[in-house]
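The following pair of complexes shares a single chain, subunit A, combined with subunit B in the former and subunit C in the latter.
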Partner chain A sequence: MLNIKPILSTLMRSKSGPVLLLLQIILSVAIVANASFIIHERLGMMQRDSGIVESEILTFNMYNFDPSIDRVQQNQLDQQLLRNLPNVMAATSTNMLPLSGSGWSSTLNLGPDSETAQSTPQFAMYLGTEHTLETLGLKLIDGRNFYPDEINTSLTASGKLAIVSKALVDATWPNESALGKVLYEGEDTQITIIGVVEKLQGAWIDSGDLEYSVIQNVDWGGRSYLVRALPQHHAELKQAITDVMLKENPNRVIDDFQSIKAVKESSYRDHQLMVTVLSMMVVLLLLITSLGLTGMVMFNIQRRTKQIGTRRALGATKADILSLFLTENYIICVVGGVLGGGLAVLLGQQLMQHYDLPQLDLLYPIMTVLGLLLVTTVAVVLPARKAANISPAMATRSV
Partner chain B sequence: MFLYYVDLAWRSIKKTPVLSLLMVLAISIGIGITITTLNVYSMMSFNPAGERSDRLNAIQLWSQGVNSWDEYHSLVTYQDVMNLRQSGIPKAQAAMFRTGAAVQTDDPEFVPILRGIRVTDSGFFSLFSVPFLYGGAWDKSVDSDPQYQLVIGEKLNQSLFGGENSVGKTVYLNRKPYHVVGVIKEWNPQPKYYDPLNGAFNSAEQLFVPFSLTPIEEFDVWGNSSGWKFEPMTGYQSRLNSEKVWLEFWVDLPSEESRSAYRSFLSHYVEQQKQLNRFTDDKAAADSVQLSNVAEWLEMNNVVPEDNKILVGLSALFLCVCLVNILGLMLTKFLKRAPEVGVRRAIGASRGQIFAQYMVEVGVIGLFGGLLGLLWAWLALYSLSAKFDVADGLTNLSMSMWVITPSIAVGTALLAGLYPAWVVCRTKPSVYLKSQ
Partner chain C sequence: MLTMKNISKVFKTDLVETHALRDFNLEVNEGEFVAVTGPSGSGKTTFLNIAGLLEGFTHGDYFLDGVNISNLSDNKAAAIRNEKIGFIFQGFNLIPDLNLAENVEVPLRYRGFSAKERQRRVQEALDKVGLGARMKHLPSQLSGGQQQRVAIARALAGEPRFLLADEPTGNLDSLMARQVMELLEEINKAGTTIIMVTHDPELARRAQRNIQIVDGQVCDFTLYQGGQAHVAQTEQKVAS
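Showing the complex of A and B:
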């Protein structure tokens, strides 16, 4: 029905055109498959849930430069002032911002002897207060929050407690409850786990340890503050916070107001950029390939006008002519797709070897070939419909 | 003859506007994408030190204990820096880290601003060829005998003192008075090669203060501090005495001799420290030091992100697709004109002339494609900087691209045209004369 044999012999007669098309398809499949794979991987990264209410959290920096202030007291007073502001749902000090790309990270030992004890994976070390869970919008799934009188004001104080993310629990004590477990910092410092939150990401989005977080009961009086309020109140809050804080003590600089959503976007900006550029590349590549194909088919039709006319005169239907061109295209596409798929895998292996990319999923070359079949069908059908309309009389007229 | 061919080419292009437009578009898109990624890449991989790249060396020491870090850290400890600063071998040397403080002036109306500060030695300014507008670096003696002096940037000088010569004036950092000794002319190396660790494309600081003030002023560290073992931190002094690494140390070693002399000084130093029970790893002393020149330093600190290299590779492949594409279109177009070639051959044109004629036509198409591609690249870079907040330095179309782009475009087109032109110049006149 498809008359592959005569089509094949036509293709073999004038090789250069089909060969070029084949080459183009092979390269396109290799590029598009790898590009779409990277795009998919990055989009997946961007869609991960951070566990916090990103858009509701407003952060800012407060830099006190008056040497005479009592930092501990000032910090507690400042937080009280923050919580008293209208529309503020919760507020706390922090030592680092989630998803920001900078912060504190650490590992702790599971036993007192640092030589023999196993240790936790690298985790983000948040310092916070009894208000941290509410401010970040974290979901406590086990244990309890800090009590107000448990909050320390220095890292070296005793009575260290921690709330940890579930991912860290699963990685450290699989199938066990983490409550009451003790982590060791050096030999004498112990940190007791009192709670587990469902999810809390750290600061480094490209790290494999992103999901591992620990919140310690230290009110890190100093620089960064987190304020939870509905996004529509953020603009007025910026002004209100600056006014209140400067009124309380003018010897400080208050700046870097931004929501965690904005922090997140700027952290993911490079990935967003990669996705944009690669998507552009894929679209343009398909466009160029199909335009090239259309041009080629148009030329072939002109060259084969007589042949087509003769066929029509000998009884070929319009559909036969159309299927002739389509079959020709599919043969090239399938051969090109298989070879291109192979090249795509090779390219993927190179990328994986030299750069930090995972193994190319075979689904991508396959999807690309299917996509290409679809696009080229359109690119062929449009000019080929014209060919099908060549009347049989054409064949006889000019001979 | 050339101009005649150009004229012929132009006529031919006008005769088949759609096909020609397709070809120009194909080239221009390929070129546009390639140039966009290449431009960002070349900006990122630029070495601002130029010919001084080899003499400027960042020092790294294998100060970690057994079974801890398995790579050199980019930073070094305070105690090592203080010891290494004793050496007289380098022409200039500078320890450095980043801090920040609230900046005020004598003007009571001036609202305090928070600014990043580089804490460093007087050698910094000669090491990195920092140009001065007024005054100069603080005296070398300040590096060992601390004085409250500072150097400010032109921009900050503008906002603090309205741009006048401010040498001798006072700037307050966290309410401590510092005397201005120099004002730097606009200076912002990209990448920020003297400290690529805190954002390789961040702007250079506008404030520089003597490193010797560190133990007195206890400047906050606005950068990484890393430790390979647990050390309790009870105050600034414990940081200074610790094995934590948090400083960069650069030396200027102008000749090969000075480099090898310094290398042996370093291994001698490590030997000495080993006897003091530091540097406990069993590496040989000579293998426990690493000097990296600027090029190596930028490479080591991954200034050019991997993504960028992938993009350059993919866009080169993309250009290949465009090349194959125009090759096909060109072949189509030229074969269509085979009868015309037949006639020209019959009335005396040589194969070489036909070949030359078609190559000119291809070149013209390539040139158009290149110019259009430059426009695409410019648009793409412009929208990148607008939408993605990419550092301005990276999205300026570099001057060299104005030459490189058309060259690549014409080169690509000529490459793609070789085969079609060759096919068409081999046309036998008889075949076409017969069928007309």
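Showing the complex of A and C:
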């Protein structure tokens, strides 16, 4: 560029202002790059597809206190009553709620000899019925659903079947079909895989095994239920479910109505909070940096009013003056950006070591510097235009 | 070279109108050395600003080198200032953060000269004012007279046909003032037209012509030859 050398000379000879601004930019780039990376990573986590129709599923708990009832029969009757309610698309019992942070997990062996057999990764173990796929809105991509007569009412019953998530299949039997494969609980208990769903997340959102899930053919019943209906019917269904359940058996308590969407939001609350706080920090840092830039330009304009007038008298156009201030600040911004980018990588490495974060993608420091160039342009252009409008006659005035 | 016809300059505020120049007429020929004198507030600086295209005027016509510059765009005016006019200011107006070479180079950069050409002209101009060996020095490391010589070098580097000097010796002691004046005379002898605003009658006498401005009008002018008044006549009478 035309004026880089004399501008560099000027910056080198009046260092204090530019050095302070440079430090601010270095720190801003290092922090903003890492914060943006964490924000993006957290938003990515929150936007992961759970495989289920979160907003349509209403869940509640039912506590029976009557010791004389047949729990199995009561459970089946209750589920039928739920399915008969208007606007209910499907309903089933469950042992755990997806994305809730609490539930069952297990690993199973791939062979009968527990000493030598390899095992599956840790997975979430759902207990469900032939209604589970429809209630959760899961997409079956291989095999079949449970038949009604295959549903057990006890974990110890024989004839154990499973529908598993594709992620678990890919991790356990890469490039193979899982249908007919047998999982072993010790030497005697076998679970045969009959179906594969495209996606089903477990309960623990921060776990690396979140995508690994198994649904066993067990109607666990008696406590947690899932009811699928369009969100606009949820409010009326809460009352209808309470009424119909208490009418059937008044000696119980029904509560904890919430949608899976709400369960998910609750689980991701800390992540959402971090995204919000970091976003505010990024905006504030960029604002402070832009104010710093604007402040320095305004200070320089005031300090150099006569000099600007002289430059105009010597033949500088308004565009030359604008370019002078933009170039001066672009130099600071680029030097600060490069140093800040390096610091961002070092900071990223420390965060990776101490807080179990993935390695900082270099795109983030680069994008931050580009963003900063944009901020610099916006912050500098307005005061610099004011400078460009200084009359060349200022050169002959005694100011 | 320079012709001003009925130039008026009015500064307006909400409360008051100030007539800085009124029906101002002047002709300066190529190669002349003209001194402009007059009491404070008479309009000398306004005249200099208008002559140097540093500010516009309210009425009248101004021809520089045969070109009517009455309605020039800002960029055109900047280009003419850069190519045809050299400025010397009372306070030198050097850029304190730039060394002497960089200061002299400023107008050349706006002119778009190549680095090699700029270097040649800077060297030549600084040699001419006797400071060719101090190119890397900062203005603050020089005396006032030396700084003014740098400013003259800066004005000369673009080889202007027209030099405007605003009290060029106003901030200098008598010895340095004499040196600067000798330099200006030398430049004028080489063919550059000079208009110099000054308070000092001694310096004015060293010019070829002295124009006195009173109340925004040319009051009278005096022709000098060899330091003695040669002809004196009144061109315009100040309206009473």
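By definition in this document, the second predicted complex is superposed on the first by the 397 of 399 C-alpha atoms of A that agree within 3 Å, B and C clash if a C-alpha of one lies under 4 Å from a C-alpha of the other, contacts with A are read in each partner's own complex, and residues count from 1 in each chain.
Following the convention adopted for this analysis, contacts are C-beta pairs under 8 Å (C-beta built on N, C-alpha and C of every residue); 3 or more make two chains touch, one makes a residue touch a chain.
It should be emphasised that the depicted structure is a prediction, and the values quoted were computed from it without experimental measurement.
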item: Three-chain arrangement built on subunit A, subunit B and subunit C clash or fit; value: fit
item: First (subunit B), second (subunit C), both or neither touched by A:Lys238; value: neither
item: Touched partner set for A:Lys199, first subunit B, second subunit C, both or neither; value: neither
item: Partner chain in contact with A:Lys139 - subunit B first, subunit C second, else both or neither; value: neither
item: Partner chain(s) touched by A:Ser266 [first = subunit B, second = subunit C, both, neither]; value: first
item: Apex subunit A: angle to the C-alpha centres of subunit B and subunit C, given in degrees as a multiple of 10; value: 100
item: Which of subunit B and subunit C A:His40 touches, first, second, both or neither; value: neither
item: Subunit B versus subunit C as contact partner of A:Met296, first or second or both or neither; value: first
item: More subunit A residues in contact - subunit B or subunit C; value: B
item: Overlay on shared chain A, then closest C-alpha pair between subunit B and subunit C (Å); value: 11
item: Residues on subunit A engaged by subunit C in the complex (per definition of touch); value: 2-3, 5-6, 9-10, 13-14, 306-307, 310-320, 391-393, 395-396, 398
item: In the complex with subunit A, residue positions of subunit B that touch it; value: 19, 22, 25-26, 29-30, 33, 36-37, 100-102, 112-114, 174-175, 230, 232-234, 305-307, 309-311, 314-315, 317-318, 320-322, 324-325, 327-329, 331-332, 335-336, 384, 387-390, 419, 423
item: Residues of subunit C that touch subunit A when the two form their complex; value: 45, 48-49, 52-55, 74-75, 78-79, 81-83, 87, 89-91, 93, 95, 97-99, 102, 105-107, 109-111, 138, 154, 158, 166
item: Residues of subunit A defined as touching subunit B within the complex; value: 16-17, 20-21, 23-24, 27-28, 30-31, 34-35, 38, 61, 63, 65-67, 114, 155-156, 185-186, 251-253, 255, 266, 269-270, 272-274, 276-278, 280-281, 284-285, 287-289, 291-292, 295-296, 299, 302, 351, 355-357
